[in-house]
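As written, the chains take the letters A, B, C and D, and residue 1 is the first residue of each chain.
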Amino acid sequence: MAAVDMEQLLAQITREIEPQIGTGSVADYIPALAAVDPGQFGIAVALPNGECYGAGDWTKPFSLQSISKLFTLALSLSENDEDIWWRVGREPSGNAFNSLVQLEYENGIPRNPFINAGALVVTDHLAGVVGDATEAVLDFLRTEAANPDIRCDEEVAASEEAHGDRNLALTHFLASYGNIHGDVRDIVRQYVRHCSIAINCRDLALAGLFLARHGIRRDGSRMLSHSHTKRINAVMLTCGTYDAAGEFAYRVGIPSKSGVGGGILAVVPERCSVAVWGPGLDRRGNSVAGVAALDRFTALTDWSVF
Amino acid sequence: MAAVDMEQLLAQITREIEPQIGTGSVADYIPALAAVDPGQFGIAVALPNGECYGAGDWTKPFSLQSISKLFTLALSLSENDEDIWWRVGREPSGNAFNSLVQLEYENGIPRNPFINAGALVVTDHLAGVVGDATEAVLDFLRTEAANPDIRCDEEVAASEEAHGDRNLALTHFLASYGNIHGDVRDIVRQYVRHCSIAINCRDLALAGLFLARHGIRRDGSRMLSHSHTKRINAVMLTCGTYDAAGEFAYRVGIPSKSGVGGGILAVVPERCSVAVWGPGLDRRGNSVAGVAALDRFTALTDWSVF
Amino acid sequence: MAAVDMEQLLAQITREIEPQIGTGSVADYIPALAAVDPGQFGIAVALPNGECYGAGDWTKPFSLQSISKLFTLALSLSENDEDIWWRVGREPSGNAFNSLVQLEYENGIPRNPFINAGALVVTDHLAGVVGDATEAVLDFLRTEAANPDIRCDEEVAASEEAHGDRNLALTHFLASYGNIHGDVRDIVRQYVRHCSIAINCRDLALAGLFLARHGIRRDGSRMLSHSHTKRINAVMLTCGTYDAAGEFAYRVGIPSKSGVGGGILAVVPERCSVAVWGPGLDRRGNSVAGVAALDRFTALTDWSVF
Amino acid sequence: MAAVDMEQLLAQITREIEPQIGTGSVADYIPALAAVDPGQFGIAVALPNGECYGAGDWTKPFSLQSISKLFTLALSLSENDEDIWWRVGREPSGNAFNSLVQLEYENGIPRNPFINAGALVVTDHLAGVVGDATEAVLDFLRTEAANPDIRCDEEVAASEEAHGDRNLALTHFLASYGNIHGDVRDIVRQYVRHCSIAINCRDLALAGLFLARHGIRRDGSRMLSHSHTKRINAVMLTCGTYDAAGEFAYRVGIPSKSGVGGGILAVVPERCSVAVWGPGLDRRGNSVAGVAALDRFTALTDWSVF
């Protein structure tokens, strides 16, 4: 698909999903997120050759939130091969409702790396290897996006830390099963900080390109094996969009990871990575405008993994 | 991939997975299944042009079991468009353990069409449209495989009916939420009978080919829209292999539906359908030899959706 | 306490709780119960010597509902000694929400004889000994109350049977664990019929007197050992009022068994049995006026087990 | 019952339950408890007039553990009237398995004051009133037992704090619902310390006498109203012995609170308080020898609340 087509395509999508922009509810569990203007929308597509196209508010930064779980997972696999899979599973977790009882029932092994418990274990794992998980994620994002200005939004991080009882509860609970090796408060701080990274659609699409290129980074070096990359894509497809992964696979049909900041990073293997952003969320916590845009994107390109 | 290659490939896979044949445990919840010789293994691949290749015990019939849920779903969608989705969801169900409480929590709407509760609702739905769900499935299988001899194994069906308290419990429970419209005992009987169909790998691969051809049947007629077919593939990938769907997507990476008879039907969109069979099951209920064979198949062909 | 006092006491209680009469919601899951006039209230007290006092609508019959579970339990213990405790536990069940998962988790052994699952097992057990559980309960009630006219309200029974999917689900589920020995439909029918017995406060208080007399029936014969009787009282106190047993013990402080027909049978060991009735239920399913009356009764008499 | 009888009675009980002494498993979740010699047993009975009788190891101190929850509850009620009931319920909690999901389902309000979550809330509540909950409990125990030497076993406390992830998890979880007002680490420290108090049977029986005297302390002053005392007894009976409260009420029949240190404090209203101790626990966490001794005690005296 030629460059001019992609620009037209993104313009068409932005136009078509306009009625959805501003609908849904902005995440309100911390004041710093609740203040975001819901009427924004951005989309960016990065091609394997490094070209990047965008539309709407695609250069405005937003809060990465759970999408950071994708990068800590990828970095854990790259540094440590398969060790992480002794500490976290790969199964969809059913609904949010029973997350704690499930963790208890399965002896402190979270179902997958994208539920909060799993991401805390991955953060702990990565911290054990590289020292500071947040710095490792920031370093990776800056390099892949060629943007040294990507940083943690300290206001969001402070706001999340101030409402951190649930994360502390979860991490102490994991620690009671021996599945946290670092200091609980330090791991929660690192976790909160990499979730609080501010990034825009352009940079996010570029940072996710390694998943479309089967593990090859911007500079041509191999980060993950072909096989590892496919596996991350599988985890994204089955577990990447909270308790709507089945619906999402059914409707959109490509591996994706969403965050309550309203961003979604999606991958069409060998073809492109796509970053969308719209702060209004549906009841499952996924961006209303973002899901609609990805739905249109796969419908118009006929790019689906199925 | 030329015919000769496929034959060589299946021979190689059969050789490589030989150590796995006979491992695992044969389903033993009904006597008729427990009596199956565990040392058998078959594999068949059907190409979009209708060619079919096989190896091992690929022409020996085995019990379809949960794989029938795929056909009742496809037939429900073909006859009724989207109506079924008002009565059953599309989300992975987490672990088997909490299935009943989840059903209660979600007011009698099963999480997806491949858990037993969901399949009972789909059977009821299909029965409401065509009269007898088992006959509809048999008719479809016979036509697609061009084999009029495919039939229900009445001994297996009788054995399952004699141990049917759990299915009756589930169906009455669904009925208490108004999500069964037919007679409970009749629906359970139809459900048990389509699960008890005996089929071999060859016929199963041919019967699943419509999923690789985006909805086109053997005779060239359209059964499902392109979009519906992709959606069924998505449900297979996220929910098709019991509580190992995440692991399966991670390891094998193609849409698949397994049954406790030891069969698995898998699809590589636009390329082929694959049927494997080995009676020994792992602790999640999936064929040990079958999973190993599909793993080798996707590794050797590099055919994965990710 | 002299006869005249008891009459005064019941009059005072009836006066004091008058504001509560008619509040709460009448059980509406079957039409036959929903039609009851909520503005009724009755109370009766039977003394160990067989004297019986009453006030309000104490001679109007109402639907026994779950209170029948007390009589099937007592009759099971009297006929079969301790055998029933191999099939049902004695622990409070926490909230209603997780009843099914708990049953699954505990392999088909209901937590106690007063949750529906437990009462179905007790009915099956009693049916195995005496043939028909409903007839055994009716026979007992008629004899103790010296009223041969007590009978099953066939309209209520038919209405419950017509909405019986949940009971059938539960009973098939128990049968799948081997914990129902009779025919599922027959056991459910017997269960529904003994719940549908119509009785008034006077007759109910007299029928419950054996619990205050440590196992001695009206005719002076021993039905239960002293020890068995105390044990039934213990089960009533810890499990007799749905998910409000703790609150009830805390507030009222005497063993009681309630039913959604609005009746409650309570026992003060060695002193009296009390039957109250008011059709309006609180959100836990206990009679609002009935609980209030028992609360006043124990406060005014200072009869509490604590 | 005369003094001489009580001594004979305790001697008889000690003799009869001898085979049980040393059976069961000593609590091993912290090293300091695992080291206790399992072959010990003590029993003490305190009468309303202050007389105290004992047998066996009745003057050897053991770890109070969960029995301290009874004293924090009593002190909370005495200081604050009913306020605590806004923050914690009174219902039995069913099995331990689902404690966390239940807490989530009920929005951070623990089911009762004797499960860990509830006791942490009560500790927080008491700390808010008196400053340090442990000091308040120690002060109460020393005064009632007239033994100024009762103290916290700092080795046990340190051992519990070192394994405190689960308590920290629970307390942060409660805090996330706003149901902890103090500093999480400080509340957990106070909780751990009052559980780590070392006390012997004699002192414990004396300290529990206020429950048999309807709220009157050793010095004749009123600590709790008659009504509050009965209510604490009701909570003990329905929730005092972990997931065996129903069984315990059925078998022993008097309000009791057990701890994993092997102690149990029981009350016969108006008659006596009883403290028993044997370190070997059954699978529910109650002292094997202690339960057997209380069983014999109520059988031989015929003192039961039922």
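As a working rule, a residue touches a chain if its C-beta (ideal position, glycine included) is under 8 Å from a C-beta of that chain, and two chains touch if they have at least 3 such contacts.
Keep in mind that this is a model prediction, so the values were computed, not measured.
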**Message:** Which chains sit in contact with both members of the pair chain A and chain C?
**Reply:** B, D
**Message:** Can you work out the rotation angle that lays chain B over chain D using Cα coordinates, in steps of 5 degrees?
**Reply:** 180
**Request:** Select, from A-D and C-D, the pair of chains that is joined by more C-beta pairs in contact.
**Result:** C-D
**Asked** Could you state the distance in Å from the CA-based centre of chain B to that of chain D?
**Response** 55
**Between chain C and chain D, centroid-to-centroid distance (C-alpha), Å** = 32
**Asked** Rounded to the nearest whole Å, what is the centre-to-centre distance of chain A and chain D, using the mean of the C-alpha atoms as each centre?
**Response** 48
**Request:** Identify all positions of chain C at which a residue touches two or more other chains, and write them in rising order.
**Result:** 97-98, 101, 105
**Request:** Check the chains against each other and report every pair that touches.
**Result:** A-B, A-D, B-C, C-D
**Fill in**
In the complex, the residues of chain D that touch chain A are 97-98, 100-101, 104-105, 165-166, 168-173, 175-176, 184
**Prompt:** In the complex formed with chain C, which residues of chain D make contact?
**Reply:** 89-95, 97-98, 101-102, 105-106, 111-112, 229-231, 233-235, 237-239, 243-247, 249-251, 253, 255, 269, 304-306
